[in-house]
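We just call them A, B and C in the order they show up, numbering each chain from 1.
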Amino acid sequence: MQVFIAQILNGLSIGSVYMLLATAFNLLLLVAMIIHFSYPQVVVFCMYIIWLVLKITNNNVFFGILAGVCSAILFNIVSAPLFQKIMKNREEVDINATMVLSMAIGWIITDVLSHAFNNGLPIQFPEEITGSKPLFRVGLISILPGQVLALTIGIIVVAGFFLLLYKTKTGRAFRAIAEDPAGAKLVGIPLVKTGFQSYALSGALGGLTAVLLIMLFHSASPGLGEQVSHKVLAVSIVAGLGNLVGGLVVGLALGILEALVQGYISGNWSNAIAFVVMLVVILVKPRGLFGVKI
Amino acid sequence: MPLSLYYFLSITAVNILMSWALYVPYRVTQLHFITIANMMISGYLAGYLVLHAHVPFVWALLIGFAVGGIIGFIVSLFIGDAPTFSVVIVGFTSIYITRTLVENLPIIGGTMGMFGLPNIGGNPVAHRWIILCILYGLVILCGFLIYRFDHSSIGRAASAVFVDKELASSLGIDIKKLGMLLQTFSCMLAGGVGVLYGFIYRSFHLDFFSFALIGVFMTVLFVGGYSTQWGPLITAPILYGLPLFFPPEIQSWRIVIYGLLLILVLELKPEGFITRKFVHSLGLSFSQKRGKEIYIKEDRQ
Amino acid sequence: MEQDSTLASEKKAPMLIVDEISVSYGHIQALKKISIEVYPQEIVVLIGANGAGKTTLLSSILGVRAPSSGKVVFEGKRIDKNSVDKNVRAGLCLVPEGRGVFASMSVLDNLLLGAHHNLANKDKNLARVYEWFPILRKRKDQIAKTLSGGERQMLAIARAMMSDPKLIMIDEPSLGLAPIIVNDIFDILVTLNKEGYTVLLAEQNAFKALKCAHRGYVLETGTISLSGPSSQLLNDPGVKAAYLGA
């Protein structure tokens, strides 16, 4: 029973990271109208930037987090014109081309990380940022500050995101484009400028997610980006592309599923089992459990 | 022959074949990455059969093709007409699952890999010649099959699906059957190539089948031109051969260079270098030349 | 109610000049050297059959498709190379065919979207819009999908008003609406015009449109075949035969 509770807690915290990643992915899909396969790799890249900044500034957590969020926003904004240019190659929005472009970006990031940082070996994060002393311990259940933060920040950010979506001018423009990009254009919504805003926002979300990942995993490796990316993509498709709420639900569910499997079966298989479950769902329902928006 | 030439020729053939394995399903917009998993499954299976069960190589190779085809067929029952995105995710998850299986099964080598596969034909020299012959025989065979496909009514149907899926199905094209055919062919090819890939090095290792491998094949296909089969034929030797002239430090950044090249092509020349128009105009100029010759001959008579 | 067509031309400069524009979709020429003018405070109607080019003309003026030749001048400035949102900010707006309403968003959100570039005046404009269309205030938190066809058309027009436009372009306002509702909509357009809005309207329902407009143009396969005061068009035998169901 204790294992069960401990793993549920673990699952919720990692699930909340998946939630954030899926939300940012859907944002880019609905508003910028791109499929950004390697968005999680950008997040892992920011983890590395944070690691670098921590090393240089002698573990100054504030600068580390600042660097992380800023580098994510910068990366997204810089890659935006690349995406926007290829979208217009055919008459309609060529979303497949954005897939290939983002895959290429992912390969580059992973390879750069394996070559240029720490000789490709996994990096460790210092205690100042991870906080590894448990807040609370009962038997096998120990609640680490990282987990609490991941879950609370995850919930706050998602709530904030929905608030933005429903109560602000930018959010309205996002929703209009998500429902009908051509109609939004006719009404006078600036598609390119609003698209840019979505790149920046998902960048900010990404930077935050990088910090949460650091708190949960305490380390990172070049392969982490690919692994997380495949999971988030599978989550998106199981939930149905573009389905914001579905992404939240399936993201959390995946986190809990993974954690439970990890608790009872050896670690090597937990990832594979999660993928098998998702693969079966995709095979049976290629358009997602809750239907595709695209 | 020198070892470096052997590797160059064999890997180039693998790149051509695997780019074609991606080219065929992409004719209906599907990026069929499960082919990498097919390479692994058939490859490790064949390796095991030859090394531990002493099955003759020919049989192991044929089993590799068959297993690839069977897996491809079964999966295509589900995703024959699925959207591109789903097919890609199926591919990625399959690769991931296969890699985990391989890592954790000691009989096929686990993380250490499978080494010491025997020389086919008894000695290293014969082995290399046989591998090259099989590879290039396969290149010619597949090139021919794909050529026939492209210039048939199924090929035209595939082009219609690529441009507009809904319109194509309203014209009576059975998208699912077409997708199933192309996916099965592609997976069968990938299975066989996977077997040969390992036998080039006489070993199988997880590092051979990373996700970056997709990057190599995609770059060859997209830089060459995804709308005809001739693109990969030209870009495969160039993309693999050119880096060999550079010092090893630069070569280690191969994947980054390929990625940047792919991005450049997507931005500036999205159809790749060899497009249908280019091939068509080449063909026209050849036929014009021949037309002139016949005309002159007739005139002389 | 027929309008006085002399409102146009004599004293004022045209608000909108479309000068010999041609627009193509690939190899198909949708508009061939079209010229029209709209004077301030007029209601001008474009009539023509489906596919004649009315929607193309309106969307080209708005900036959705750049004309391959010719120019569009709005209030003295050339706008044919501008983006849509720049033109909306300059005072143009379009109520598209099919309402231009976001079905999954609330009535209020739809109205606020219209005010995207004009949020400073949103409260004033909202109050005015609710005064004109009390049904929208009643349904302001409802999802637009739940509105009837006539209510959606009202919402679309109200949404256009939120941007304080100088020229309102409307594409087929009567499409799919019951005759009684259509009358209401045209009454609204006339009232809008009396309040000072200039209206450029594309309509298949030629009779009702010409009745409330000052001037009209007849579009046939991408060219203007006839133009003039609406009373003249109403009595033209060719127009009568082709468009007025005589």
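In this text, a contact is a pair of C-beta atoms (placed from the backbone, for glycine too) under 8 Å apart; a residue touches a chain by one contact, two chains touch by 3 or more.
This one's a predicted model, so the numbers in the text were calculated from it and none came from an experiment.
Of all chains, C has its CA centroid at the greatest distance from the CA centroid of chain A. With centres taken as mean C-alpha coordinates, the chain found closest to the middle of all protein C-alpha atoms is A. Per-chain CA centroids place chain A at a distance of 32 Å from chain B. In whole angstrom, the spacing between the mean C-alpha positions of chain B and chain C is 55. Note on chain placement: the centre of chain A and the centre of chain C lie 44 Å apart, centres being C-alpha means. Those residues of chain B lying in contact with chain A across their complex are 29, 31, 75, 78-79, 82-86, 88-90, 92-94, 96-97, 100-101, 103-104, 211-212, 214-215, 218-219, 222, 252-253, 255-256, 258-260, 262-263, 266-267, 270. Note for the complex: chain C touches chain A at residues 59, 62, 64, 83-85, 87-89, 93-94, 96, 100, 102-105, 109, 112-114, 116-117, 119, 159, 163. The touching residues of chain A, counted against chain C in their complex, run 169, 172-173, 175-176, 179-180, 183-190, 193. Chain A meets chain B in the complex at residues 35, 37, 82, 85-86, 89, 96-97, 99-101, 103-105, 107-108, 110-112, 115, 226-227, 230, 233-234, 237, 241, 268-269, 271-272, 275-276, 278-279, 282-284, 286-287, 292, 294.
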